[in-house]
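For reference, the structure is listed below as structure tokens.
Letters A, B, C and D mark the chains as written, and numbering starts fresh at 1 in each.
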Amino acid sequence: MLVGAVLGLARGAAAEGEAESSDPELPAFHEQRLPLAAWTLGIGLATLVFVFRSRRGKPPVIRRLAALDAVDEAIGRATEMGRPVLFVPGIMDMNDIQTVAGVTLLGRVARTAAEYDAQVEVPTSRSLVMEAARDAVQSACLAAGRPEAYQPDRVHYVTDEQFAYVAHVTGSMVRERPAACFLMGTFYGESLILAETGNHVGAIQIAGTGETSQLPFFVAACDYTLIGEEFFVASAYLSGEPDQLGSVQAQDAAKIAVIAFVVIGTLVATAAVIWADAAWLHETSDFLRSAVGARP
Amino acid sequence: MIARQAVPLAIAIGAGLLMAVSYFLRPLGWMSESASEIFNVVSAIAFVLGAGSLLKANLSTISRRDRGWGYAAVTLGAFLVTLVVGMGKMGVNPSPSSPQAAWSGDQQTAETPFGWIYEFVLSPLSATMFALLAFFVASAAFRAFRAKNAGAAVLLVTAFVVLLGRTYAGVVLTDWMPGWASGLRLENLSNYLMGVFGSAGNRAILIGIALGVAATSLRILLGLDRSWLSREGGG
Amino acid sequence: MTRQRMTWIVLTVVFVGLLVARGFVGQGLGRVYVERGEVSLAKDGRSDQGEPVWRTVPRDQAEHAWITWSRVTPKAFAEAQAKEPGQDRVVLSWPRTVGLWLAALLTLAIFSFLYADNPAYKLSESIFVGVSAAYWMVVGFWETLVPKLFGAILPGTVKAMVQPSLKVPAFSPWAPGTWDAADPAFWPWMQQWGSMAIALVFGVMMLWRLMPRGGWIAGWPLAFIVGMTAGRRMVTQVESDLMAQAEATMQSVLPVTPGLSAWDLFWGTLPGILVLVGVVCCLCYFLFSVQHRGAVGGAARVGVWYLMITFGAAFGFTVMGRIALLAERVEFLLDDWLWLIDPNHLRS
Amino acid sequence: MSVLGRLERLDRRWIFLAMFLVVSGPILYMGLTGKLFPEKVTATTQSVFDAVEAVPPGERVLFAFDFDPASAGELQPMATQLLRHCAARKLRVVCIALWPLGNNLAEDTITEVIHADFPQMRDGVDYVNLGFQAGQEQLMTLLTTNFRKGFPVDQRGRDTADLEILEGVRSVTDFPLLIDVGAGFPGSKEWVQYVVTGSGGKLRMVAGTTGVSTPQLIPYYPHQLAGILAGMKGAAEYESLVNAKIGGTPPPRYLEAQRRMGPQLFGHLLLVALIVLGNVIHFTRKARAAA
């Protein structure tokens, strides 16, 4: 059946291709997405270059991120106090890249916890996230050399409903009094309910999200917050592997390229307003803007 | 180990590259739609695993007579009742446009048992939980918004200006300002803070996130970060 | 007796007392009224697609008939009673009245968590988790699995039982003889059927976790999902966030309108410059492989200030909606349940 | 124990109680007396009102319902008043929805405003609901080149080519004003990016939006967006403007937003007071520690 399905998909593609390519105005390649392709390839190439450089013995020095340096301290404290560590991987499913980033971070946190002999509780709001989180925790325990520390029941599904999940997590926070809370993933309105309750029970709280509307609440209520991009480098930072640190350097290279584009682009656009007659200024400005996807 | 490590990695890399490439090629445009439908269905099937986890946790609490086992029994009862009522579309009339199909009716109205559960249990509980935010915003404002350092001072002054600028009281407070200084009226000041400083901050955060997402994806697709992969599997 | 328990008892007694008193004053409180309607249908020929068409007929000629109840205001009930005492068209709905009281009590139980964790909160939390988990499973079943998966694999059954509007294809995956590539409906069907077949295989692999052996196979569909998410987000996020935000910033800082005074020119130019400086400084803050010293360190510090203003302002703007949510719940308690206020004139 | 010490150790439940009182007090007061708190209209709201006033009577406006019942608390009062304002100015309103549930909300709003208060307006001539179409920002782009292709039929299944109200409409820029009441994606931000920016100033746009998404729209005001109704407060201000323009005693359903502003006002003042109090405690303690 699978073969038939794959065949069907392939043929379906061919047919759609025929139908669309019969329209002469629509070539196979999305030409407006050419700048996007260039940026994506550029970031990909930069990653490869910096990963190889790093492998050859030139790993970059990453600036300290206080939130991540606090991970060991938080877990150590939980061990001393004999209380659990709570890890919340957000409320979205595995088709959200933030959840994926949260689960990879869970792997790092669970490994440290296994080394320190602390218990990690992971309530999830999606069945697939529960499965992925179980895999991550299990391999972490294995990597820490303590496979017996893995208890699948500590990674459990609660409910898909946003606020029922929050009701359960806050209720168990008040009852179990975790010594450390990690809030890592996609959060919406519930962010502050979780963070304030965690604060109330005296837990060290480390939060990270790319959800810009919730960052203010985490910054206000948590001890440490990974802001936006910091959240996405956390897993690489904690791994300490040269390969992954190399890819962080590639992120920086791309950022410097963006800064250059923005500064030059703004200067040229301003110059084009001052010298309105200089056609080449307008052309340069239009070119620069189209390179970041502006449509004429 | 090939089936447990290499194959999943190959599947992830293959699926990822296909999805990325299909975004640029019109003949492959259908792929993203198919992939998201596959995801939706797999995720709906995986509910069985979630239900299993929920049942197991609550049943073991009940059978061990742990503290609070009565609440576990309530959860279980509520779960089973809702599941049976909803899966069987109990008490649902068929759709008036096609009464010949017994299960064609909509069960989201308060007339049906399932709709009743939504309207009188789920919806008020959810709205009330959300409303707790108003209280937590207040306690956070009291506890966390203190000028401990320069950054925190900037944060709290901005929040203060915007909060005042969004009320009648704040608007009246600075209403006397003459036209040439109208930019300093609280409501205009809060718009200026948001429109200029806020949009610069938001833009940089979004650019950073985009780079972070791209790099995270690349780390997965290049096989650099495998912490999400199962080592042993099973469980 | 602890002070906390004392507080609970006093609060509960006072509240119940007030509630009972309220029940005897004026119109009383917390009732829901409904109006009866009827649906009675008989077949009226068939449409061009061969589907039966139904029309409304008197009750005694109906092939399918049922009664509907729709919610009306207490005022409508009072009016109906005044016109015709003892009528049975607009009546008190016991299920919905009980529901209203249940909703009100659950609302209070959740609010009680603010004082301290307590049995009422634990009870409503348990109900909430159980009901909502089942709710989303039911929705997943009827809204995703039935129309998508079963609709592709067992279209005839789904059409007959659930979704009469479903078009049953003339092709069967098991009988290649029925395939007709010239039919415009063929390839879309192939695509739909093919993706659902893959989804089914992946779903079975996921469920293998419940088996005693071979649960590792669930890693395959998970890998597919992780890979698919990574691949798609990698490009879309760069397009919608990185490029779009960079483009939005690359504007002339000078206002385009000619002939402005120096004062207006200054104020018109300032926002553009501030935004440019802010974007660059905040991006410097996000540099990870460069130590934050010297010029980069200075820029990063400015960036932090920008970020703090961003967060402070966003906090101020968001708070509004949060208070509105609480106001809605309070209105529900005072208006719908206790009948203390009547802003929409539903009862008078 | 000193006052300062007590305040420092203040049980957060007192703050919760204060919040509950400042929200429920005004609701009860306004509910019992029917009085409203005054509104002082801010510039962003005034410009929405002015933009609608600037459209000559008989002209068409495009009205997009891009929200769902979850955000109707904040946005429905705006939609109601915007439609009422258009109808009172004898503008012809074309309603569309880019959110699936927006269609029902558009129908409800038409029933509540046009059927109830402007019965002389004719469906298909003075107003029409074109319903929901999928496609999000791709649909917006399509509307800039071929409006009827984006919405081939209206909510009742009539061909849009036969509708009198759409006579001569080829693209979205044939409307002088676009009104969007939106709760997120796709919504006002996408309308600005894909439609207004490319129209070269031909199309003006005003937006009504939730408090949470307002920050993302402010950068576009006043150039691409002629005006913004920001959250509950924007709705209340606009409501008071439209009520004042139409005159008479408005029925209670036209006062919804202003009723909701009572708890907002006191809630915000409580937060401001809490921030001040928190900092007074902080600085007093610091001064004592230094002394």
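Note that in this section a residue touches a chain if its C-beta (ideal position, glycine included) is under 8 Å from a C-beta of that chain, and two chains touch if they have at least 3 such contacts.
All values derive from a computational prediction rather than experimental measurement.
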Chain whose average C-alpha position is farthest from chain C's own: A
Top chain pair, ranked by number of contacting C-beta pairs: B-C
Just give me the whole-number Å value for how far the CA centre of chain B lies from that of chain C. 10
With centres defined as the mean C-alpha position, give me the chain A-chain D separation in Å. 33
Between chain B and chain D, what distance separates the C-alpha centroids? Give it in angstrom. 24
What is the distance, in whole Å, between the centres of chain A and chain B, each centre taken as the mean of its C-alpha atoms? 15
By the touch rule stated above, which residues of chain D touch at least two different other chains? 12, 16, 19-20, 23, 212, 214-215, 219, 230-231, 233, 264, 267-268, 271
In chain A, which residues are in touch with two or more of the other chains? 9, 12-13, 16, 33, 36, 40, 43, 94-95, 97, 100, 128, 131-132, 135, 157-161, 163-164, 167, 212-213, 215, 217, 219-220, 227-230, 233, 248, 251, 255, 258
Give the residues of chain C touching no fewer than two other chains, as numbers and ranges. 110-111, 113-114, 122, 124-125, 128-129, 131-133, 135-136, 191, 194-195, 198, 206, 209, 218-219, 222, 225-226, 228-230, 233-235, 237-238, 242, 244, 246, 248-249, 276, 279, 283, 286, 307, 311-315, 317-320, 323, 325-326, 328
For the complex, give me every residue of chain C touching chain A. 110, 113, 117, 121-122, 124-125, 128-129, 131-133, 135-136, 173, 181, 186-188, 190-191, 193-195, 197-198, 201, 206, 209, 218-219, 222, 225-226, 228-230, 233-235, 237-239, 242-244, 246-247, 249-254, 256, 272, 276, 279-280, 283-284, 286-292, 307, 311-312, 314-315, 318
Note: in the complex, chain D contacts chain B through residues 10, 12, 15-16, 18-20, 23, 37-40, 42-44, 214-216, 218-219, 221, 230-231, 233, 261, 264-265, 267-272, 274-275, 277-279, 281-283
Residue numbers on chain D that touch chain C, as the complex places them: 13, 16, 19-20, 23-24, 27-28, 30-32, 34, 73-74, 193, 210-212, 214-215, 219, 230-233, 252-253, 255, 259-260, 263-264, 267-268, 271
Chain B residues touching chain D - in the complex, by the definition given at the top: 134-135, 137-139, 141-143, 145-148, 156, 159-160, 163-164, 166-172, 175, 187-188, 191, 194-195, 198-199, 202
Considering only the defined contacts, which chain C positions touch chain D in the complex? 111, 114-115, 244, 248, 313-314, 317-321, 323-328, 330-331, 334-335, 340-345
